[in-house]
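Multiple structures are listed underneath, in structure tokens.
Here chain A shows up in two complexes: once beside chain B, once beside chain C.
Let's turn to the complex of A and B:
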């Protein structure tokens, strides 16, 4: 595969990944959140295969397979189950309204371009075009975590942020060693399970997963 | 020769516009299991409306009579500036994308004024809604095309087409794709298509375009409708020729021009099919969610400009 085409494809799929991140900010229903996360992870695993193919690194195929199994199959199923159990359908009113948070997301991506400028300038990899987009995705994920009220949407925001970090690692270094990648996957899974337990407890105590209510002592 | 071509392309756009709308309506009807009027029905509608008598409210001022001509004229003027069939055109020197955007906005502005003029409740509602939509949609159009202009190094629509033809790889760059998505959403909003406005009914409280033209009849209505259909054709041509410029003639040879006409009709029909499918699949948005949809497209356009500026 020639380098120019590879660079083009990498930038393209990084943009698609970022777009799915921004989709979160525009949708309200939790089902849409989970779907967006799933599609984003799917594109990411394709990107891993692409990078593995270009850099002739079979380890990346393995990473892609694990990534696919964890983030496209296992986590969405658990999220669905969680959603069914706590019976939340919509993120009714986030702290910041949707139009503003979309524009904020645009500005955050601009900021990401500004911060990654030195990084892009010193890098000679063909994947450098996607670095600002990966950084932008991390910011957007953080924005979702900070501005959304439901514990479940915050979890999806966290997972999206994690996807951003994975994307940054893949683009910046053609993927970290497999053993570290495995550790990260395990951490994500553990973190998710812990958060799941938290959500059940919050739901059990407050009969709602609106984190707003956590700031009140009595209810 | 170039000037003849300019006149010819305007005539072609005027002739194709009703057919395009008819095609979308017919396809939509088919997709919804209705038989539907044939695609050439809008031509009959136009002829009939031009023959009908004009009924006007006693409260209407000169503005009400003047607006249809201005709306029609400003929309036709846009077609002169567009690379419809061939790309280096003599009128390219007169106006670039900013002129196109503001000519379109001029038509929208007078349509809203005309909606307010007779003082009916529906007209006022429609006008205020149209302005809400236009206020976010117009900068998005400019921004989305700016994304392309940055790549081509010129805000001239014809230049953008020739530059893209010279370097076809740019078509799958993220800037282009984001700008396409942004412009597609704006097309649906500006031409009153489904997630924003329902073009098929006069009976909805949430209508936008239909509410403004409710008081018009006869030849005035014909002109306004024709201008609206022409606007749809303009937006489709922008989407087709700026983003996928293949088929646009770069010389004035008759063979190339014939190919260009064929390619244009095909591209418009393909976009018509896409819009018909979209309109069948989505439900109308609540009015308060429309600005959210438009800010999605604004952010897409902003990202398009950023990526084509920084990845140059």
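Let's turn to the complex of A and C:
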């Protein structure tokens, strides 16, 4: 594959991945959240295959398959089931309103460009153009976790942040060593399952999954 | 071989607890005895690491799964392993369901035994790991396993505490992974794809040739990430909640062993970044975070109304002190590591005593926990000794390590910083004495039954007291060697 074309495709798909992350900030329904996460993960899997094809690295195909299975199929199904069980439809009343969060997201992407300057300078890979976008996605995911009140939306924000890290690893180093990648998948899956258990607990003990009500513990 | 003896016992214990259904008390006894195996292995590895020219390693390579030298125990790792294994053994012997406590039902106890052993295995793996990726995976696993145990009994407060813990812990650890990826990126940009690049020993050899600006960025992510796990302010907010709500035996492990492991991760990365940068970048970052932790802790201790949360704030205070020590050159690193060791012994003992106190007094409020010395003469006395050692009263061990940290600071021409830290310590000191007087004396509430005889559970805590007093008076040669070798690893050529 032509390197220039590859570089353009990578930057394009990284931008799409970041856009799906920012979608979380202006959509309100949880269904839209889960869809955005699913589409984002799909684009990421394709990107893994693309990088694997370009760098002739069959390990990345395997990573793409795992990634697809976990984040495009398994986790969205669990999230849907969770949503159905705790009956949340349209519940997003963030700590800061949509306009402000979008402006903040813009600033965070700018910040990402600033902090990744040394990275882009060091790297010689054709994928380096996407590095600021990956860092931007990590920041946006963090913003979602911090500013959303519902436990379920916080989980989606966390998953989006992890996608940002996966994107950073794929673009910067064509993926971390395979064994570590496997460990990360296992931890993401288990971490998600634990969080899911807690959403049920929160629902069972508080009758709502609004973390705003989690304010019993002081001093 | 010794590595198997180190990590297999807790895994076997978890398996046993999973297989035996319903829970029987012999499972608790067997599991506690198994943990002695890990302790022996940790001591043997420490002896090997101290005396051998090269640190003992273990690993394998199988096709593309390259894990050569994935585990490696040098003196620093051995120090942390001893801390973890010692507290693990102590905690497992004093766990609910081992000595006839009736507070939890069989299902709870089974869950407790499974997850606490997995938690211990993950911590041992994290400390023994040479591959920083494996270390990350193990530390992430500790969050998952311990989150299952905080709400052993479901209440609003315990669910809230666990949610905060798991969310902050997961986000933090994800940031630490981003930092790991950035460091790997730096390595990758210069040397290409090397499967063992994430081995710490490899990283540290290659570090002088890495790009400093990338490592600076990586270190910020790593300190925030692992710092969230260690409870460095301002990432400490889960700590008082989780310590207040978790079963005290789990807290004993979290406040000492898990904390030591999280600090260990920061120390490992600081070493690599220091070699690359050759300046005081990491030191300055740790000084700022350490001082901020002290400020947060000092004011929170004054306002504390719950003794478990008070001990959590004291943990934040000691976290701050250790950060200061690590940032103050070889002498400071020595004192900081000694402080980490002392804090492990002291804080685990305190929370194991809290377990006994909690069974008598219905609420953990300081105001209603009165007359401790009359109600529980032995536990109360040990609790008082522990508190006095924690606030740094001589001849306690913590006095010596705090003295070392301050000496290092003044020698490094940081009089203002150290003066501020001393002032904050004085605030904690007064507040602690005040809270302690409330708890030890006064009229026992009517609903609390008094009386206590000396038993084997108290006897098990005596080694901690002896360690804390002996280390206040002298530094035994093996420990001194271990610490000196660790300092040589962290601050070479200084």
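Operating definition for what follows: the second predicted complex is superposed on the first by the 213 of 219 C-alpha atoms of A that agree within 3 Å, B and C clash if a C-alpha of one lies under 4 Å from a C-alpha of the other, contacts with A are read in each partner's own complex, and residues count from 1 in each chain.
The working rule: a contact is a pair of C-beta atoms (placed from the backbone, for glycine too) under 8 Å apart; a residue touches a chain by one contact, two chains touch by 3 or more.
Predicted model only: the values in this text are computed from it and were never measured.
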First (chain B), second (chain C), both or neither touched by A:168: second
Chain B versus chain C as contact partner of A:77, first or second or both or neither: neither
Chain B versus chain C as contact partner of A:99, first or second or both or neither: first
Touched partner set for A:115, first chain B, second chain C, both or neither: second
Touching partner for A:184 - first (chain B), second (chain C), both, neither: second
Winner by number of chain A residues touched, once chain B and chain C are compared: C
Chain B versus chain C as contact partner of A:26, first or second or both or neither: first
Common ground on chain A, meaning residues reached by chain C in one complex and by chain B in the other: none
Chain B-facing residues of chain A, complex: 4, 8, 11-12, 14-15, 18-19, 22, 26, 98-99, 102-103, 105-106, 109-110, 113, 129, 132-133
Parts of chain B lying in touch with chain A, wherever the complex brings them together: 169, 172-174, 177-178, 291-293, 295-296, 298-300, 302-303, 306-307, 310-311
Residues of chain C that touch chain A when the two form their complex: 64-67, 131, 133-134, 136-137, 140-141, 143-144, 147-148, 151, 154-157, 159-164, 166-167, 170-171, 174-175, 177-178, 180-182, 184-186, 188-189, 193, 195, 197-198, 211, 213-214, 217, 240-241, 244-245, 300, 303-306, 309
For the chain A and chain C complex, residues of the former touching the latter: 59, 115-116, 118-119, 122-124, 138, 142, 145, 151, 154, 158, 161-162, 164-165, 168-169, 172-174, 176-180, 183-184, 186-187, 190-191, 194-195, 197-198, 201-202, 204-206, 211, 214-217, 219
